[in-house]
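By written order: A, B, C and D. Residues from 1 in each chain.
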Amino acid sequence: MVDDALSAAIADLTPQLVAWRRDFHRYPEPGWCEFRTASLVAEELARLGFEVSVGESVLEAASRLGVPDEDTLDGALARARQQGAAEPWLAALAGGMTAVVGVLDSQRPGPTLAFRFDLDALPVVESSTNTHFPRRQGFASVNPAFMHACGHDGHTTIGLGLAHLLGRGALSFAGRIKLIFQPAEEGVRGAASIAAAGVVDDVDYFIAAHLGLGQPQGTLVCGADGFMATTKLDVRLTGQSAHAGGRPQEGRNALLAAAHATIGLHAIGPHGDGVSRLNVGRLTAGQGRNIIADTACLELETRGSSTAINDDMERRAREVIAGAAAMQNVEVDIIRVGAADNCGASPELVTRLADCLETTSLFEHIIRHDTAPIGSEDATSLMARTIAQGGQATYLILGTQLAAGHHHPCFDFDEATLPVAVESLARIVRELTCSS
Amino acid sequence: MVDDALSAAIADLTPQLVAWRRDFHRYPEPGWCEFRTASLVAEELARLGFEVSVGESVLEAASRLGVPDEDTLDGALARARQQGAAEPWLAALAGGMTAVVGVLDSQRPGPTLAFRFDLDALPVVESSTNTHFPRRQGFASVNPAFMHACGHDGHTTIGLGLAHLLGRGALSFAGRIKLIFQPAEEGVRGAASIAAAGVVDDVDYFIAAHLGLGQPQGTLVCGADGFMATTKLDVRLTGQSAHAGGRPQEGRNALLAAAHATIGLHAIGPHGDGVSRLNVGRLTAGQGRNIIADTACLELETRGSSTAINDDMERRAREVIAGAAAMQNVEVDIIRVGAADNCGASPELVTRLADCLETTSLFEHIIRHDTAPIGSEDATSLMARTIAQGGQATYLILGTQLAAGHHHPCFDFDEATLPVAVESLARIVRELTCSS
Amino acid sequence: MVDDALSAAIADLTPQLVAWRRDFHRYPEPGWCEFRTASLVAEELARLGFEVSVGESVLEAASRLGVPDEDTLDGALARARQQGAAEPWLAALAGGMTAVVGVLDSQRPGPTLAFRFDLDALPVVESSTNTHFPRRQGFASVNPAFMHACGHDGHTTIGLGLAHLLGRGALSFAGRIKLIFQPAEEGVRGAASIAAAGVVDDVDYFIAAHLGLGQPQGTLVCGADGFMATTKLDVRLTGQSAHAGGRPQEGRNALLAAAHATIGLHAIGPHGDGVSRLNVGRLTAGQGRNIIADTACLELETRGSSTAINDDMERRAREVIAGAAAMQNVEVDIIRVGAADNCGASPELVTRLADCLETTSLFEHIIRHDTAPIGSEDATSLMARTIAQGGQATYLILGTQLAAGHHHPCFDFDEATLPVAVESLARIVRELTCSS
Amino acid sequence: MVDDALSAAIADLTPQLVAWRRDFHRYPEPGWCEFRTASLVAEELARLGFEVSVGESVLEAASRLGVPDEDTLDGALARARQQGAAEPWLAALAGGMTAVVGVLDSQRPGPTLAFRFDLDALPVVESSTNTHFPRRQGFASVNPAFMHACGHDGHTTIGLGLAHLLGRGALSFAGRIKLIFQPAEEGVRGAASIAAAGVVDDVDYFIAAHLGLGQPQGTLVCGADGFMATTKLDVRLTGQSAHAGGRPQEGRNALLAAAHATIGLHAIGPHGDGVSRLNVGRLTAGQGRNIIADTACLELETRGSSTAINDDMERRAREVIAGAAAMQNVEVDIIRVGAADNCGASPELVTRLADCLETTSLFEHIIRHDTAPIGSEDATSLMARTIAQGGQATYLILGTQLAAGHHHPCFDFDEATLPVAVESLARIVRELTCSS
């Protein structure tokens, strides 16, 4: 039986999956700085026979959002070199061009099937308690300010696992398979630039997947429809300082403008068409108590249960910020540092995948569509682009046991989910490319 | 002795002074609606031989501030007719053109000397307690919503008293005397239009006077320098209503804009060069609790111990209002309904008047300059215009016993101050026109 | 056929329905002032053989919300007398005790079935355009400030129509029928007091109905589940006035507190469990521009897609108001002037009514449950009470052609809907009391 | 002539004055961290024969304001050791007890005369431009984050210069001389603790002095009366974080509370009795854009032209902060990190000093009283304490040529002012202790 062969291959692969995952976990890299991770992925894909593209050919530089400054990028590149990056790929990845796409062509007629995996870690300090599994097993982060606290180390591992099955011939398929390793999913900053580069324009089926997200071990969601459209904005206000005791009338108060903007932003009304959100999560302003503050920075996000609602929220947010700045006669600069659409899964594809996976014993519980709000995710931009050019797309949630919630210093998932995830994607490959 | 003759004439005149005052008190008229009062003043001045000008010739219509709407003006005119206005003058006064200027020329060489008296009453409901003197004596207001609660009935009376002395020959003088009866001093709305009409452009000495203002009976201030420059603004915000439960995103919230503007206005910083003030004293907005409010009105004022400071405050206020409106995307209309400058008295004139009046027994205590802040007064605009074209100007405060503070329903001054005031002005006429 | 007999009886009754509706429309009375309407309803019910209770026996005085002041109540009572109220009932209705309940007992075993009809009009000035049907037909409001702009004139008429069929024997039934005519539905002020009086505590089936609400002629909603829980609050802030120019530090600024409260209220965050709303719809504050305002009033409402969410919103609103008052050291008084719960319809009852009415030709389109948000309605309080003591309850929407939206000066419904509505309720009576 | 001897002694001393000044400038230490400076001062005073007290005996620990945390204090102490501090004194100074008082007793009857000098530097990065004199001469700060940018290096030098004259017998006197070297004048944090320790309780004449402050070389102000009373407050707000997209209702938003507080603070009205000021100069809040912020910090100051006005401002500020915190149900902690009174100079003392110094050729222009507002200074607390127990006190301003304004990275004063300053104080010693 072909399935037994697949299962056996995956069983053989499992120690490697764990090794990959722990290596990525040990060396977390934040968005646009995934130099080590991306280079190792590219190296492995090439070794497995994939046609590998990195950097500018799969990433439109101008469409990247929230790219760190050059010093940060340079420092991250240097660190990646010290931590074992694959040197040949670094030149093309340098400067925050950290996308990798591997294509394997069966040379047989069939659809083009794309999977998206995300590479980046979070600015979270990993827990140092002994009960934390990565700590206990010695693979906790060695990059002090960063941590894989959302499972992207697992996602990258699953992608490599699938590549291994495909490249080593353990999984036969027709058509072409395109594995997309995306930078900067955190802050919804990376997918737009991959979409803009046309990477999914020839794709018939697009699939993204995430571990956890509130689903227990044994549960699969085939169509996660609850991601909210979102925009992330940084606001810089610049006024004029003055001595607060002696010459207050000469100041133009950026701190006061920021306070007015903050309250005005939170007072933007709800939306009759669905769920909307806005949060100013950080505010820093001023130099000293006796000086009228001449600078202020706000970090905020809008969300909407539809892209139209989020667009309304962003438009209103910009009005409020501009008005608050005008109240204090201060200059304002609004920078879009992240954005994602809302995009529902393609119903036919969801049905097909659910029907297929229900014939296996991989999951105890399969949910077809789940519309409960679950934050934001920029794979939606790739889904929307796929659907816009006639393809189908969906987003899977692979339930797993979590030690703590996403983004928490104690976050950890059950590594036993890794082979299940690889097998699920393998069966989807077979279903979508061989079953006609 | 000439002084004895003057004193005797004033003693004879005193019953008439009281009669005039009580008549004006009984029929109070608010700013720009002083049809009865102005027409009776004009009639009397003409009878006394003055050359009388009213309406457009002494008032630039476009420079009037805070003029009521036409219905209000028409209603006030009709009431004035019923209450004994002097009909021949009404056509020229109609529509809120309620200024009267009387000129008496001695036909002898000499300076032009102008006195300003204000005509208008306040929107105050007069006290009905029995201890209130006008009530007890039967001359309380018969116009229910209005009251002479600031002593302008007294000022107009003093003006007529002085006119009587001059017109009847009890007070000899050289040069020309110009008596200016000004509408709408309350809210600092009237003087600018008289200045704009050029009424003081030929004046060598300009003198205004006020009863009370915190000074006790027997005290005279010769140069009241403490009036703050001020601007009175009405703000109308217009947005878009919407059902607050169902379609909140379709509203443009004028009430919220008004709230932002109010707080932003009060948060305008102080001024390093002197005293500044801002107050939003009234705010009305919205129709019902379940509707996003589409209208809001603010009534506010700025003040400054100098005109430059007040100008800064007005400029900042306009910035804040425009910014707050922009925050909510509502339209805004800012109407200047009152304005007065800060203007110090001419030191030579103050010295001359103080020296002159110290030789009399009219006052126990004469203060030359008083710079303590005492609200605002638009005679300052006439003072500034006089000084700008080379003349001298001052503002007197005639102390008197008050029953209650200015603008209070129980306000009343001591009528015994009226002949003292008339004699003071008479002596000033003599000092400034005969003493060279 | 019994149905033909019912139809014939309704056809005979139709001119009377139109007459009743136009009479009520002509004499609109706002909430707690429905003296004429309630007395005429009571008179008619008594005439038809119902046992009639009014005032205190069916209304807990202390649970009434948003009752006008005594002068208003007295004036409304006097006007009702002039406009043909039924005198015998007025003593019991006086003072805003304007509920009427009529009970008809079949003397046969069976359930107790209650219908709720609302009596009150709105503070809307009725359109005077010629195209407005009530104007053209001469039955427009003669009470200038008020109008039946939400169809309650129709609801009361439908109630009397049903009473007529029952009282005149055209509609046989078992058990007991209780017709509840409720005051002050507008502003969700009346139902709580009827619930508190125990009026529905013996009810097995409770049914309320509304004309229009966005449904077209020929459509019936059997279970309107979309009403949001809501609270209506009036807020009075009391500070201390002071002269804004001279003694600003002596003021305690109620206007500024109101502005802070307003923005803080609108800035209350959304709710993760469902829809929430808050609106400050009216704000009035202050006396004059040069006085620190010592009084301010806010009118606001909260809403939630569940009672729990609305409770959270009300709790947060009270926190914000108290804090804003404390910022300015002003006193605050919060008055609850309206409240309604969210209450879903009983599914079994909805199914039963829909199944029954689908066998008739009364409607082209029957919707069973409709969860789309449709504002708020205090019949939910009576539904919740009915269900809490073991009964079943639902809320019907009877589609009709509207001339303009609810609460609009041109609102009008199609009178042809009246006999359809009466027949629908008649068939429901038969279904629920005879069909076992 | 005795004056010639004094002048000669000062001429001899001048190179030492410059050396001291440049040494202190090179090693700037911020408030409560003046370990090197204070220890060297103590060492020198002891060497000159003064009875020296440091630390707890002249400083009430609990009355210190704005003391840095222990790590900062420890780090500063370690650095002081490396930079040549006088070891014997460090134990008593450790932990931010950096006051030094030296007393010299003439053993002859006479008054107790105290001088106050301040020791601390500012958190300013010194200019690295070549035109900056300390840079050019090689004595710029070697402590990168700090700079003597307000002249306290000069003040300490003047104190040592006066000590030298007294200790070496170049200046004879009666009574006792008390030289107070105060920490943490910047931020008005230090004087209160010296006053609380009773250091000036036996003082007959108290004199503080400052270089510059806007006065040109050659000018002396004998009574600087324009210091405003002030309070420096740090505010910490603590709420509850929550995911802004998923569970916003679970957050208690400290950032929003801070924004409300900020605007409310700036909207505190002006004061009718004199000048008032308030500034929120720094605001930091929140962790990330998708999290409801649970922490916020404000740094603010109030000022008043009298202590009563500043007290009113502080009271109002606390009300506003407490109210804003209550609006968001967040906890609040307000820490007083600095405070100074307004205190006018003793008129008799000013007259005596001015009369005395006018007989010298030290100054071209002597101003007796100057009431123009010039920021705040906590020597006022020592002045007030001196006056309260029956002594006299004043504050001198010694004009000097400045390279840039106080607190500017290019600040520098003319070292030629140092011997003039020492001679002025020497003559004051003689005047106050010998001239009776």
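To be clear about the criterion, a contact is a pair of C-beta atoms (placed from the backbone, for glycine too) under 8 Å apart; a residue touches a chain by one contact, two chains touch by 3 or more.
Labels paired with UniProt names: A, B, C, D = Amidohydrolase.
Since the model is a prediction, treat every value here as computed from it, not as a measurement.
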### Message
Quick check: more C-beta contact pairs at A-D or at A-B?
### Response
A-D
### Query
Which chain's mean C-alpha position is the greatest distance from subunit A (Amidohydrolase)'s?
B
### Message
Can you compute the centre-to-centre distance for subunit A (Amidohydrolase) and subunit B (Amidohydrolase), using the mean CA position of each chain? Integer Å is fine.
### Response
69
### Query
Could you state the distance in Å from the CA-based centre of subunit A (Amidohydrolase) to that of subunit D (Amidohydrolase)?
53
### Task
List, in ascending order, every residue of subunit A (Amidohydrolase) touching at least 2 other chains.
246, 248, 253, 256, 260, 263-264, 266-267, 269-270, 272, 277, 292, 373
### Query
In the complex of these two chains, what residues of subunit C (Amidohydrolase) are touching subunit B (Amidohydrolase)?
228, 230, 232, 243-246, 248, 253, 255-256, 258-260, 262-263, 266, 277, 279-293, 296, 299-301, 303, 373-376
### Message
Could you list, by residue number, the parts of subunit D (Amidohydrolase) that touch subunit C (Amidohydrolase) in their complex?
### Response
246-251, 253, 256, 260, 263-264, 267, 269-273, 292, 312, 319-320, 322-329
### Task
State the interface residues of subunit A (Amidohydrolase) toward subunit C (Amidohydrolase) in the complex, per the touch definition above.
263-264, 266-267, 269-270, 272, 275-277, 373
